[in-house]
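Each of the two complexes below includes chain A, the first together with chain B, the second together with chain C.
This part shows the complex of A and B:
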């Protein structure tokens, strides 16, 4: 751990309200059932009786199209939160413990534990930061509404009531998910919106407390192996790492914590897992871990900043830092740059010596007038127009689609996306012939040079924001992009190019993911998941502001279409 | 009070009596303690020690000090201070749940001083004064400089006798980062005539005072009228201390309290030097707190009081200590009150930073007027440090969805590294309304030496100050405040229908773009290593003289021979 004020020996946990947590959980479950949703009044009363300042915040959001997976379209809900005011502090800083109030019987124990923790924390005198205990309805939508209202911004089109109670700048947040009375292990989710990660110290803090109280803790659902330097262990770490790359690359928040990261609030989601392991831990042990984490965070003088913000985790106790993985990525991009340089040199050699056989098809071409950049304009325009259509048409045209075809709105959106995506391949790719007569070598070289540089810039930029996404795209696209040309075996190249299109990458990613979590799926299921993933990608963009869909639709896909153009230049 | 004091003198302090007989009494001390349960169920204890001295410190060559602390008296005469108000506060008075405060202070340290108009260089006097006060109160008041000092034009009027209101003789500064602890309490207690040896001050035990939700200690010095005719001035020193005890955490849900429980002391006597020594217990009905629910005892003396708005215990009353040696005030609730709804005070405010990212942001101040039918104006003072560049064109004041134009506005822009922004506005608050004042700012990238020691903690923005004449609502606690002798004479009261309130919002913590400070360190280490290695080898190359060495003849055989010769003691080959 890099942060000095979080040394291991500084706190001693004394949480003993494990039984109380369970009784709160039962009571909460009863009231939740009775209310058929979030028991707002009961929560307010309970929190007030615990001595917290209680506030609620209501919100409403109409989704751009119905979310079939979670069965919601017009979302209305209320978040309830209680603030524990730190004595002798002026409410300038705070910590958040959030628990989603999910459908059904999920997460009741988490609410119970949160209330028990609140009642225990209220009696302590050492708090230097206010603590906000938040129960958010409709998981991520509620969390987004709460965060936007707290920071008084409107990033997405959510409508929410104003907020009365605030507690200064939030320094860190922990989101808790628990669904059983006892747990066998903890799972930690770190990947946030757009692949943002919390400071590594927060992960280390969690790991240190798991070690201290001998809890099993996993990341990506995978337990660390004790023999870390054997071949199977390396493979195991690689699997964990790949899972993290896939999750981070998806740009989806992997828990409620993911939305905090935009506001520069370090946050993680802690999930209690109850599987068929032998050792079980009760609420007391779980509560102690959380108590310890909060006391350590309370001790912080500064925001967490000492450790890494960019890392990959092959296991909880090991990490790959940005300094290690970025050069590898740099070499991948270098392929594109070198290839572009090669093309540039070929082109300039042609300029110097137009009769050179290698630069153009033959003496006929050599007699051509000096080519301009004009032939490049139509493909560029067409490709980007397709990208824009891909971005806008599915949402705008969903109602028209449902009127004319027997599909639901969300199906309509997904199918429109796929239709436009595929249609892009069939667009007229020989517009240059109208302008210049025939496809010249110089033309495709220039187009390829341009698209290679364009791709390099895109990948470089996205890797800075979301390394995993950049890496996945680079690994698949770069070799084929460098190799593609209108000469040679066209069919093979076309197949290769289609295989590395972002959509195909997504499909492979889904299969790989299920392979890695040891839950293989059939082709049909895979296709279902693929459709779901597209819908989720769109929803993530509209609900939380994820950049993956617009990035792919507006930049990567047009760039890929340019390469497709290169292939079919002649 | 005079007969009572004389009686006390007879009983307890014969030497003092002798002194009084010879010289006319020109100074007096009154001590008071107000215990008031707050609407949230917590308990506020407000101490006030009022020393009054009928002498003009600045004209006569005063050398003999009796009750008035000499340290402060000399300060007043040396720097020609007209009024001095210093408060050191830990915590934040939560107006929404605790109601209107008697005397609020902002978190951290606050100092405002009016100088006499004879002072030529006010800035220098202010600087020196704050440095000396910093020594007296062991507080970091020496951090007051031009970057956090402002000259408000309207918000801080002199509270005492004054005919000059030229605000150029006023200086105001807040240090929100100041942490207040026992080291500040001890010098404050030493200024009391009885120190903490007798009287109400025995209750001031640091261990208990800082085991609370709010702690604020203050010193107010001002000139007042000597008598009704007001021909000459007297000096008044008020030392006040307010503590809010969290009854929830200590009482396991019960809201009963007693002096013994909250201060872990009881009272045994009044301060022998005091001419008045009283404890007031506020048992008025406050919103949800039913007056009939209270049951009150004086523990050992077994005295019962009628349920008036305030119960008064006069420590100078000999009857009080007759029955027993100590006084312990105890309050019990017949049934626990539990209610979510609390009556919000007429005027309260909230402030926060909105937005995300490290480039821009927005400061929002929300002011509430909950009075059902009266509108009143409020004077808002905002001091923002220079490293937040305010976009003054984005200033918006919205009340009930409409723009609210301030009737008075005074804005002084900041100068980088020299002075802060000052914004004063007089805003009319309509009845039962919420007014939101927002202004956007840009965060400045500081020079690397300008960051405070813990830059990632954030930078504080001092609270905004709201001064208002609040109209009273009948059946609200403000009635008591006027009847109470405590502070009734500090703020000028205008008429029966309104009273003066000064509120402070919470301070803000703003993160500025902060470089990674380990990087300069790494760079320094790396550069030093590189320089050392390069320099070392270059120096070596440049200064070393090179000789051509003769290749040594003979190999292994010669060396072996030499070893043998060495053993034998024969000269080597």
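This part shows the complex of A and C:
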């Protein structure tokens, strides 16, 4: 751990309210069943009785199109939160413990444990930061509503009542998910919105406390192996790493913590897992771990900043830092740049020596000695127009689609996306009609030069924001992009190019993911998941501001279309 | 030739009008690359508000524009968008006319030198033809108007656009040969942002060349003309400054504008080299290093004047680039002005060595600015070093670009007089090495 104020030996955990947590959980479950949703009144009363300052915040959000997976369209809900004021400070800094109130029997124990922790924390005198205990409804939508209201901004179109109680700048947050009375292990989720990660110190903090109390902890659902330098162990780590890359690359928050990260708040989600292992831990042990983490965070003098923000985790105790993986990525991009340089050299050689037969089709060269960028404009414009259509049409056209075709709104959106995507493949034939006199070799060389550089810039930028997404796209697209040209085996190149489009990458990613979590799926199921993933991607963008869909639709896809144009250059 | 220019202007106006109405306008005007503390529109509005309240706009350390600009917008605040569009158009037209005129002069000179047999016999392919020179003015206007940098600084309503207009008018007046107007516009440009002071040398050289007065220390005409031009310049500068004094009835603007430019107290990140360096430095060294940094702009003027005595317009271009690289609060709008001149030197293309790599570097850096800013300020995962690294690369890229053009220019001049295919004394082919 790099943060000095979080050295390991400074706190002693004494949480003993395990039984109380379970009774709170049962009571909460009863009231939740009775209310048919979140028991707002009961929560308020209970928190009030514990001595917290209680506030509620109601919000409403109409989704751009119905979410079929979670069956919601017009979302209305209430977040309830209680603030434990620190006796020793002036409410300038705070910590958050959040628990999602999910449907059914999920997460009741988490609410119970949170209330028990609140009652225990209330009795302690060492708090220097306010602690906010938050129960949010409708998981991420509620979380987003709460965060926006807390920071008094409105970045998505969520409507929410204002917020009356605040507790200073939030320094760190832990989101808890727990659905059983006893647990066998903890799972930690770090990947946030747009692949943002919390400071590594927070991960280390969690791992240190798990080790201290001998709790089993996993990441990506994979337990660390004790032998780390054997081949199966390497493979195991590789699997864990790949899972992380896939999850991060999706740009989805892997837990409620994911939205905190956008507000510059370090956060993780801790999940209690109850599996078939022999040895189980009760609420007391779980509570102690959380107590320890909060006391350590309470000791912080500054925001967490000492440790890494860019890392990949092959296991909880090991990480790959940016300095190690970025050069590898740099070499991938270098392929594109070198290829572009090669094309540039060829082009300028043609320029100096226009009679050179090898680079230009004979008489054409003499007529047009200077390279002109004009023939490149139509393909560029058309490809980007397709990208824009891909981005805007599905949402805007869903009502028209449902009127004319027997599909539901969300199906309409997903199918429109796929239709526009596939329609883009027919573009080269259309752009050629617009082009005039661009039949030379120089034409495609320049187009390819342009698209290679364009791709390199895009991949470089996205890799800085979301490394995994950049890496996944680069690994698939770069080799084919560098190789593609209108001469040679056209059919083979076309197949290869189709195999590396972002959509195909998504499909392979889904199969790979299920292979890695040891839950293989059939082709049909895979297709279903693929459709779901597209819908989720769109929803993530509109609900939380994930950049993956707009990035792919507005930049990567048009760039890929440019390469497709190069292939079918006449 | 007027029709294409009108078309370009129309396209430029459309692009700007559309962007003003879009949601991007707010986003762009907040960008530190586009709006510096000197020329941000927000600050001008603040200054206006103070002025309306009857307080000196310079009380409060927010507003750092000159009094003339604030009085301009005092009357035109409701038409601000229109004003910025018009200034951009005026800049483009002025550059267009200037370059057109300069090309004529250049062509005449080339013809004269050919007739006088000053060129080596085998340089036919280096001689410029009216065909290729025909579209250069249009390209210059196009480069200025549709350059994303210009568009962004116009959308952000950065008053840098006004400075650019003044400088463009100065260039036009100089090339047309009007010493009086040239001096007046140079004085205005100096008044606006101080650094154009260094453009005095190229302007003087050009005007002398136009009058066929040789630059010699013993020549009486030379001294007479220099004193005359300097007198005009200083006189108009004095008039403008006194006018500003009478407008506001105080000398507040001198420390607030020029002191602010020279002593660099505001270390908001921008595309320049100053902010990071002075943010990191101990206070008691800063005076010395401010001097060192500021001297950069003025330092190259004399050597360049000696080297490029015969080519004042190229000198002017290099000097503009130097100003926009080394000034204390640079924005992309400044860069756009010298980039507009690049088509004018398109004949140097065959001598440029790194143009491909350098343009890639500049484009990549421009794209990375917002990305790294996001990582630093919003995501909190990167820090200022990341952003400064890009700033540094961007500026090194610009410097290399300018020196590439500089060497290419010298190389071409050398070849013109010595012949394209150089031979060593022993008859083998020689390479030209510039040091």
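Throughout what follows, the second predicted complex is superposed on the first by the 549 of 570 C-alpha atoms of A that agree within 3 Å, B and C clash if a C-alpha of one lies under 4 Å from a C-alpha of the other, contacts with A are read in each partner's own complex, and residues count from 1 in each chain.
One rule holds for everything that comes next: a residue touches a chain if its C-beta (ideal position, glycine included) is under 8 Å from a C-beta of that chain, and two chains touch if they have at least 3 such contacts.
Just so you know, these numbers come straight off a predicted model, no measurement behind them.
Of the two partner chains placed by the overlay, only chain C lies in contact with A:464; chain B stays clear of it. Shared-chain residue A:344: touches chain C; no touch with chain B.
Of the two partners chain B and chain C, more chain A residues are in touch with B. Within the superposed three-chain model, A:285 lies out of touch with both chain B and chain C [touch as defined at top]. Legend: residue contacts after superposition of the two complexes on their common chain; A:512 is shown touching neither chain B nor chain C. Of the two partner chains placed by the overlay, neither chain B nor chain C lies in contact with A:335. Of the two partner chains, neither chain B nor chain C is touched by A:521.
Once the two complexes are laid over each other on the shared chain, residue contacts for A:262 go to chain B and to chain C alike. In the superposition on chain A, contact is made by A:453 with chain C only, not with chain B.
Counting contacts by the rule stated earlier, residues 262, 264, 303, 305 of chain A appear in both its interface with chain B and its interface with chain C. For chain A in complex with chain C, the residues that touch the partner chain are 196-197, 261-262, 264, 303, 305, 309-310, 337, 340-341, 344, 352, 453, 457, 460-461, 464-465. Against chain A, the residues of chain B that register as touching in their complex are 90-92, 94, 97, 107-108, 176, 210-215, 246, 248-249, 253, 338, 340, 350, 352-358, 362, 364, 454-458, 460, 506-511, 514, 516.
The touching residues of chain A, counted against chain B in their complex, run 44-45, 48-49, 51, 53-54, 85, 87-93, 122-125, 151-153, 164, 166, 168-169, 262-264, 301-303, 305. Chain C contributes residues 350, 356-357, 360, 363-364, 367-368, 371-372, 374-375, 378-382 to its touches with chain A in the complex.
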